[in-house]
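These are the structures, in structure tokens.
Across the two complexes that follow, chain A remains constant while its partner is chain B and subsequently chain C.
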Partner chain A sequence: MKLFTALLARDLRLAIRHGSDSLAALLFFVLTAALFPLAIGPAPETLGRLAPGIVWVCAFLAALLPIDRLFGADFEDGSLDQLLLSGLPPAAIALAKAVSHWLVTGLPLLLVSAPLASMLRMPSTGLLALLLGLLPGTMVLSLLGMTGAAIVLGARRGAILLPILILPLATPVLIFGAAAPEAAMSGLSVRPHLLLELALLLASLSLSPLAAGAALRHAAD
Partner chain B sequence: MLNAMDVAAFRGERLVFEAVSFSVPAGGALLLSGPNGSGKSTLLRILAGLKAPDAGTVSWNGAGAFDDRIAHARRVTYVGHQDAIKLGLTLAENLRFGVGDQCIGAALEAMNLAPLSDLPARMLSAGQRRRLALARLALSRAPLWLLDEPTVGLDAGSVDRLGSLFSRHTDRGGVIVAATHLPLPLAGPAELRLR
Partner chain C sequence: MDANTATAPTRRNLHRFANPGQFLRLSGAVLPWLSGLSLVLVAIGLAWGLFWSPADWQQGDAVRIMYVHVPAAWLASAGYLSLALCSVCSLVWRHPLADLAAAEIGPVGAGFTALCLATGSIWGRPMWGAWWVWDARLTSVLVLFFLYLGHIALVRAFDEPEAGYRAGSILALVGVINLPIIKFSVDWWNTLHQPASITLSGAPTMYVGMLWPLLICTLGYTFAFVAIVLTRTRAAVMERRIRALLLARAARG
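Up next is the complex of A and B:
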């Protein structure tokens, strides 16, 4: 546990030192979302209906932006070998990386989503459902992204392979996550959508560190 | 003590070495020599448990070394040919990973890096980075040290400092296995030549 928090603290410190990398994902999120009113016109009723989907898709892509560096830097400078020999199980290393990715990328995306959604004229009735869906949703993305990053480690063109690998796996999160504010805006219950999001979170929380841990061992071999 | 029996390794389709057997007693040291590409680094990675041997067995104190890979990782300190240094962190922060601050000061002192403790690692020269990587040995309580070309890029003074770390380790009953082309400051090491 002590080593787990030490690894997390080290990754967070590195993320703060290289602040521009983390900020890039956030700016990418805001800028892509800001392109939509320009492309489809500023009519509030059209934009408002599309807003949940726009926010979700943009958050999705922005979260994947920094993910190939998650293990890439450690792999190239030999730190991954040291981590594997630190006495931490590989699954714990993988989980620490997912947690640090969420804290550095997922959480800021979540915080920016609310003002962004209002900017896209999303009715305020759906706002809470959007954020409640994004909370587990961004966590699942961090876990899946981390797993993908571990699997493509050492492969040539890994950065291109990565979205091809992760995006299909992450579609359920997108479907239920975007459906929740949709339901709230039309006066339906958001509960089933959010529960399904939570179920996806629990499934990926238990499976993806194990898969990623095995992939890390293989990458070092 | 470390024992290897008939170890073989492939790199892709190519057989790097086979039938490598040796035994290093507690407090002993083994030098791996041989031309480039003869598998010195590969053998070290196998001994560290990073790579699985394609044949043969490795045992530590009589029990299979890789039966519990986490336990094996805890008894190994590995300094590979990459320095594993984060350029954005200071020297002290690079070493701080589950160890106390006072140990870090002593470890930096052991490789004569203490005055640079708060500098970011990107300011270091190649030789200084090597010394920082080797300062991990001063922090290590693991009984098995695996070193890949430890003295490349080091000045004579640093090699001497490394020598005193080595003798402290072997005096405590630790085992050293090092791949090298250069003479190392070790007292009476055994030698294994790979072809």
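Up next is the complex of A and C:
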């Protein structure tokens, strides 16, 4: 546990020193979302109906942006081998990376998405459901993204491959997550969607560190 | 005498087939029969389905695309399952043939999935009035198609083939989650796509004159799938041997 927190603290310190990386993801999120009113017109009815979907898709793409560097630097300079020798199980290393990715990218995205949704004229009835869905949703995305990053470690065009591998697997998160604010805006219960989202989080929390740990071990030898 | 060589010929387990030479001999003997049988079965099944089976009381003659669509859909899922099984063998036993087979199943499975999606789309146009609807079954099969494509791209993205096989097998196992979603998508969601007519438990909800050609086609497709994968795996084994021979010759100068 001490090793785990030490690794997490190291990753967070690195992320803060290279703060422009997570800032770039955030800017990408805001900019792509801001393209939609320009493309489909500023009419509040259309925009408000599309807003949850726009926020979700843009958050997805923005969260994937920095993910290929998650293990990349450690792999290239050999720290990954050191980490694997440190006595921490590979799955724990993978989990620490996912947690740090979420804290550095997922959490800021979550904070920005509320004002962004209002800018996209989303009715305030759906706002809480959007944020409650995004909270586990971005966590799942960090876990899946981390797994994908571990799998493509050492590949020639890893950065291009990564979205192709992760996006199909992440579709359930998007479906249930975007359905929650939709339900809230039409006066239905958001509970089933949020529970399914939590179920996805629990499933990926238990499985993806194991898969990523196996991939890390193979990448290192 | 070495203990290993003494026990090797009498061992009655799966590892007998791990020997590429054994695999080449066995698959070479089976392959002509398998391909011939699959051609005959598909020809019989399609002819029966297209000319002699009855038209549907609701869908008319358009139902006949079922004899192409349903077997392709079955093989799209079964192919992914076989890919996952090969991945387990490759991860657990480091089975070199399983690596090669997994890499070769990918494109074949993707081909059958594409056939399933294309024929489904052609069937959907007259029946649902649209080439594509975002229904749970269609979406999950589309995700399956992307998983196949991702696997194909990943396996071939490494300079060291071994690393590609390892990464590909982990990805294939992660993607298995999609198979139950495809299977139960028609039960969990209220979809446009019809639920299964043929189940393991219970009688098929389909006229026997349509069921027979469908089953024959499915069997023929399955044999064809196995034959194509075997041929591709044989080619991969031989390619590997040729590379080893060329390297040996280059090393000798």
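Quick notes
Simple rule for what comes next: the second predicted complex is superposed on the first by the 221 of 221 C-alpha atoms of A that agree within 3 Å, B and C clash if a C-alpha of one lies under 4 Å from a C-alpha of the other, contacts with A are read in each partner's own complex, and residues count from 1 in each chain.
Everything that follows uses one rule, which is that a contact is a pair of C-beta atoms (placed from the backbone, for glycine too) under 8 Å apart; a residue touches a chain by one contact, two chains touch by 3 or more.
Bear in mind the structure is a predicted one, so any value in this text is a computation, not a measurement.
Contacts of A:L26 after superposition on the shared chain: neither chain B nor chain C is touched. Once chain A of one complex is fitted onto chain A of the other, the partner contacts of A:V57 are absent, as it touches neither chain B nor chain C. Within the complex, the chain C residues that touch chain A are 91, 139, 143, 146-147, 149-150, 153-154, 157-160, 163-164, 166-167, 170-171, 173-175, 177-178, 181.
Chain A makes touch with chain C in their complex at residues 147, 151-158, 161, 164-165, 167-169, 171-172, 207-208, 211, 214-215, 218-219. Interface of chain A with chain B (complex): residues 2-3, 6-7, 10, 13-14, 17-18, 77-79, 81-82, 84-89, 220-221.
By the touch criterion given at the top, residues 45, 48-52, 70, 73-74, 76-78, 80-86, 88-89, 93, 96-98, 136 of chain B touch chain A in their complex.
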